Amino acid sequence: MRDMCYYYSQLGTDERSEFLIHMATSLSTNHQAVQELIQQKPQADTNSVDLDAQLLIWEDRLRHAVQPPHHWVFSQVSRLSGGVKFLVDMRQDLLSTLFSKTLDPSNSAALKTLDSTLRELLSLWFTVGLLNVQRITWESPCNMLQKVSEYEAVHPVRNWTDLKRRVGPYRRCFIFTHSCMPKEPLVVLHIFLTNEIPDSMAKILQTSRSSSIDETSVSKDSEDPSLINTAIFYSITSTQKGLQGIELGNYLIKKVVHEMKAEFPSMSQFSTLSPIPGFVKWLNGMMARAQRGDAHIFTETEVNALQIFLEVDSSPEVYERLRKLFTTNGWIEELDVVETLEAPLMRLCAYYLFTEKRRNYTLDSVANFHLKNGAVMWRINWLADRSPRGLANSCGIMVNYRYFLEECECNSRTYLETMKVIASDTVTFLAKAAEDIIKK
Amino acid sequence: MRDMCYYYSQLGTDERSEFLIHMATSLSTNHQAVQELIQQKPQADTNSVDLDAQLLIWEDRLRHAVQPPHHWVFSQVSRLSGGVKFLVDMRQDLLSTLFSKTLDPSNSAALKTLDSTLRELLSLWFTVGLLNVQRITWESPCNMLQKVSEYEAVHPVRNWTDLKRRVGPYRRCFIFTHSCMPKEPLVVLHIFLTNEIPDSMAKILQTSRSSSIDETSVSKDSEDPSLINTAIFYSITSTQKGLQGIELGNYLIKKVVHEMKAEFPSMSQFSTLSPIPGFVKWLNGMMARAQRGDAHIFTETEVNALQIFLEVDSSPEVYERLRKLFTTNGWIEELDVVETLEAPLMRLCAYYLFTEKRRNYTLDSVANFHLKNGAVMWRINWLADRSPRGLANSCGIMVNYRYFLEECECNSRTYLETMKVIASDTVTFLAKAAEDIIKK
Amino acid sequence: MRDMCYYYSQLGTDERSEFLIHMATSLSTNHQAVQELIQQKPQADTNSVDLDAQLLIWEDRLRHAVQPPHHWVFSQVSRLSGGVKFLVDMRQDLLSTLFSKTLDPSNSAALKTLDSTLRELLSLWFTVGLLNVQRITWESPCNMLQKVSEYEAVHPVRNWTDLKRRVGPYRRCFIFTHSCMPKEPLVVLHIFLTNEIPDSMAKILQTSRSSSIDETSVSKDSEDPSLINTAIFYSITSTQKGLQGIELGNYLIKKVVHEMKAEFPSMSQFSTLSPIPGFVKWLNGMMARAQRGDAHIFTETEVNALQIFLEVDSSPEVYERLRKLFTTNGWIEELDVVETLEAPLMRLCAYYLFTEKRRNYTLDSVANFHLKNGAVMWRINWLADRSPRGLANSCGIMVNYRYFLEECECNSRTYLETMKVIASDTVTFLAKAAEDIIKK
Amino acid sequence: MRDMCYYYSQLGTDERSEFLIHMATSLSTNHQAVQELIQQKPQADTNSVDLDAQLLIWEDRLRHAVQPPHHWVFSQVSRLSGGVKFLVDMRQDLLSTLFSKTLDPSNSAALKTLDSTLRELLSLWFTVGLLNVQRITWESPCNMLQKVSEYEAVHPVRNWTDLKRRVGPYRRCFIFTHSCMPKEPLVVLHIFLTNEIPDSMAKILQTSRSSSIDETSVSKDSEDPSLINTAIFYSITSTQKGLQGIELGNYLIKKVVHEMKAEFPSMSQFSTLSPIPGFVKWLNGMMARAQRGDAHIFTETEVNALQIFLEVDSSPEVYERLRKLFTTNGWIEELDVVETLEAPLMRLCAYYLFTEKRRNYTLDSVANFHLKNGAVMWRINWLADRSPRGLANSCGIMVNYRYFLEECECNSRTYLETMKVIASDTVTFLAKAAEDIIKK
């Protein structure tokens, strides 16, 4: 088994795909055996008590028969030292094989079964009891801080000074590790401690304290607890692609909220300041439709104003021009355009977040994550993230998802069962306004 | 889920049994759903590639259908803090319900399915990667030492001085813990460091060093590595009844052998000095048969000698008398009897260990454990354990199972596949001698 | 230097004494050199600025000349690993040589100088910054708990169950260790957590919680913080005789009070329940004087009552009888005697604690320790310690010294500067009453 | 006392100097009291035994009288938490006051006494038993690695990648910390592991392994012990100016050599590759003298060759030109000059290191440090350090001091007692050659 793992680790990308396909097909369930077992099903002519017991035994055998042999292989691998980590990495290869390859349907089905087995096993191993929350500070091991820095996906770390600030006063950085791979952060969560829910990243990233906190009253290395009643989750990153679909982030948020309450008993507000990764992509689709006359997204007044500021002559040209504009970040400097766009983009963004769904979940993946956790869609913030990434993804708009501890569980259930998004009145109002125009 | 666990923990023994029966029956597989799914099996009239993919998908659905709902319940419980430990304890209740109750067949079958689910899940969680080996010394936490003392099943710890000695010089004590329950030793292993394989417990328990080591050359607190080339595993205890059937002991032995080799590079002999828990019980059975004339176990000369020393007139009376004798420990003081019994009991014990099987495994559970690990049945030792327990279980006989590192894996496979017991020539010879007499 | 230490450690008691005397005399200050240096003192005929500088340089040289060579030896020893611990142990030998030997005056003076050098050095090394407070629980290393048990001087630990209780719920046990000898407790402090200042050891030692706390409301392993507002220091032990005269206990009390306040913010009462080691010895002296008619200690009524209950005819016989009585513990069972003695003994004990002095400090060493720390002599408790030791030392009387945090520093200074004992009105009143009778 | 410390920490540089002068003068020894005590010296007319004892007591009193009151202040400060660190920092201020100020003689003498007291106390506290050696790796706390990087004085760390390399494979980094200030490295020692004594820094700094080790045989993260038999101490930095004169570096080297031997039992060579901080300064002095005709440093042939390559007409101009040349680093590119200078500079450097003394010690401070530790001056290396600093200080020359473990103690004593420098034949030969020319 150890040899097999070593052999696999030496393979290149394509060879690994072939290996996985081979494994998925050759170590798959024995159809014949299942078929035979089905024909042995105990029949009703025996007395009923006996029948029940026999049925249970038969089902037990059936259960083993439909269990594909790769299940046994995976559980053997897990017994090796480093085995669970190996399986996490193998699943990453498996997922990229599944998504990137032109597979014939039977291979694809076999790989999906393989992935399903692996995901089930991993979700058993990555259970909460085996996960450890750890706070990261400037006194944490250097290799851990290096990883925290490298994994940061939402707001990239510029240098070690930047990193030191992110684990310094008025900040908290927590990671989840697993007993099997104690030096590997699985999820990284960054928190900003302040006294109000911020409406832009600038307040979080560019100062070592919220601008609403008076500079003079703060010593360099320490925090004044009286200035802290709000925890902002401003970055949450899952680091292991091989754990996709196995929810860890929400556990981390819950555990961390607990720790924050213990450290600051007067902590009363928990919120995120989150990116909206899919807004511009969706908006471009809407503008294409609007350009073709298939949809309304702006009011007449807005279209007129945009014609003037964008110096174009017709409504289709407005959409044409805007789509070009959004491919670069220059528009942010043209104050007229920015001002004119604020109302319609905020409105459309609310619609995108609140109303647009895919397979019963919100289209936006970040929104879906927090809504599943039971958060409330609280406030949409204009020009909250002026970084290139922020402008490219969401025209700089960000959103606060707020966690009301007592209501989380109830909200979560409502969302999962009824697809209803829990949002503040402001967000709901904006989304309705957009809907009215779109449906017009 | 948490409420359910709390509720359960408040129940009495009988109520727990009822709870488990209820859980086993009401949360069992839906027979109807399985039946319907079976009837939806894709048929061969579709083209073969498609059929294959459809079969895989159908098997996937079947797999979920035969998975009993309690599987989901258990995996949810594992997500609670303390959840895995709860399941270990629950399985202990489940096993005692299964073994001690007069159950009707259908309840029994349902409970077996429940146990099977639970055992599979536990064996996934108690995988090696999540187990930690820890050395216990007199500097270990007191509560841990207290547990090591209380759990000791093979050679009970008399007091704290005794305990201190067992973790002191020329000794090693290792425990296995699980990341989920880090303060709970799952397996405890005691080792004695010496320069020859001992033939009695006295050498291990009554001195702080092997009698073969010169007292004057040893300082009180430390060891002389030049006097150490042999590690004797003289006690191995599994503490969690709820983990029955999930092998941990052999992993611990392997890891510990590794650590011993690292600490003492010249360590060349690894052996146990093990009890033989079932010998006297088996011997009584044999003597009853011999008394009825159904079996031969002693030679004529032996029977004659025993008649004299036991002061009885006939051969049946010898067996009658011996069985009475073995209910108390007094016979150990009668030197004539002891001397006369040595040869036949050693021979019969070899036969019991080497030849007697049940369901393809050796009848003796300790022998089976070490043979499965790949050890060799090395030497049988007369009057090696004069404690009441030792005399009652095995007339004081003990056995060394020796671990030859390079051959363990091969031996283990041979034993598991062919049922052949690997033993030294001496043991084999004794067993054959007994066999010849018995078959006579 | 290392050889010298090894050599010393191999010596017997008498040889060590000789070694120390040799060291004290042969490595003592060079009288001649000092004399010569004195004669080189710069004279006033040089100009004054220069003179000052020259004086300083001369004093510097004088300082080195009067520094005995053993000072250098000790500081070299301290540079060895284990050196500081060696010096602590050597000082223990030194003190016992100083106290137990019939020394001629010049050896005695030399040894005193040696001790003075050693004490000064040790008091520099055993400075607070190098001391660590550690809480001891049942999860602490076993060897540490064993030492805590063995060192307990005030209320001997009976067995491991007793020990487990003393580090369990409603208790705290703290130790001071030094960076040089991290596995050696220097001071051990036991605390009892309750809701009132107890008047007897029974409440502390015999239950796992104060009898004033309702049993039913307390779970086995944990504490109810709402029932805790009082910390009772019921045992404080200095373990290293070689550190005599170097105060560590008061630092420990201060640090521990700090930790208690942090753990229980509503903690409002800090007190001891302390033994009175010298009371009976002092009382016997007083009674001898009273018997001779040199002092009054009882009122006439008391003497009469005692004559009856002790069945003697005269006042001198009362004292005679009492002194005999106090050599055993039987009197505690004779209720009449006990009742009759309560008033006079409580009064005399107050007088002994409050009024009796030696060299400006209270005669009682425990009282002196707490008064120096700034505690208040709070309450004297009749029959608070019925153990043989308690009866033999103080007729079972114990005393509470209470620590009022804000006043400690002021009290301490008052006591050290004016010799005034700060005591409650009750204690003062009792002491005055005794004084009136004694002076009569 | 705490207030005094806080007050001091708030002062500016000049105010601190004033504070220290005030402390040195006002808390100095009471001259009058000393004088009076001297006059009370016991006289010889008492009997001799008594006299001896009286003398000891009188000396004891004298010892206290000449002890300046600031000694007491310092020992009180040490009792505060953070007190010892405060005194280390205060001594740094004191030393800079002593060295940088134009002080009148009496203030200077008083400050020297203050420093002497402080240095003695610090050398007691910074004794080996209280120092801890710690290995620093990339898994050490980030703040510690940041300090290691910032303190590096010999070969500055360029960035985090550079730092990661210096604590990575084929390297060791050790620090000394003190129990009082566990997060502050006092001494930092960098080691390079290789199989030969390197003759240039390039081999150490620019590769992750010695160029003599075959690249292909080395995996990225680990070391091949068979390629390691030599430990090169290539940087040793004392970080606390306030601990000047208190030797810690040699203890660290000794402890580390011990750890290296334990990790690599076949380690056979220990050496430094050390800078020569004062060579160019000394050389410039020599060249000035040579220019004036007061000394010979080059042979005639050398002077002639230099005239040609430096394009000057006379011998004085050679010195003039060379001194200018050495102010910049350009000459290193002129191969002719470099080649011509090698022989004379190597010779003169040997002379500087081996022969030049100040107050009985070698003039070069680094040489003095290693010679005091017992190292041998082993080999002088041409162009071993081409960094700007290396060229400016020593024309790029570096020297290996080699540690032969068995001879260190003996060498150290020889050097300290006889001033004799232990050097290899090569170094001795070079130094003699230079001496012959200089004395000519």
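Each chain gets a letter, A, B, C and D, in the order it is written, and its residues are counted from 1.
FYI, a contact is a pair of C-beta atoms (placed from the backbone, for glycine too) under 8 Å apart; a residue touches a chain by one contact, two chains touch by 3 or more.
Here the structure is a predicted model, which means the values were calculated and not measured.
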Chain pair with more C-beta contacts, A-B versus A-D: A-B
Chain A-chain C separation of Cα centroids, rounded to whole Å: 64
Distance between the centres, which are taken as Cα means, of chain D and chain A, whole angstrom: 55
Whole-Å gap separating chain A and chain B, where each centre is the average of the chain's CA atoms: 47
Two or more partner chains touched - positions in chain D: none
Overall pattern in which the protein chains touch one another (line/ring/star/complete/other): ring
For the chain C and chain D complex, residues of the former touching the latter: 28-29, 31, 34, 38, 41, 49-50, 52-57, 59-60, 62-63, 66-67, 75, 78-84, 104-106, 108-110, 112-113, 116, 121, 123-125, 127-130, 179-180
Chain A to chain D touching residues, read off their complex: 138-146, 160, 164, 183
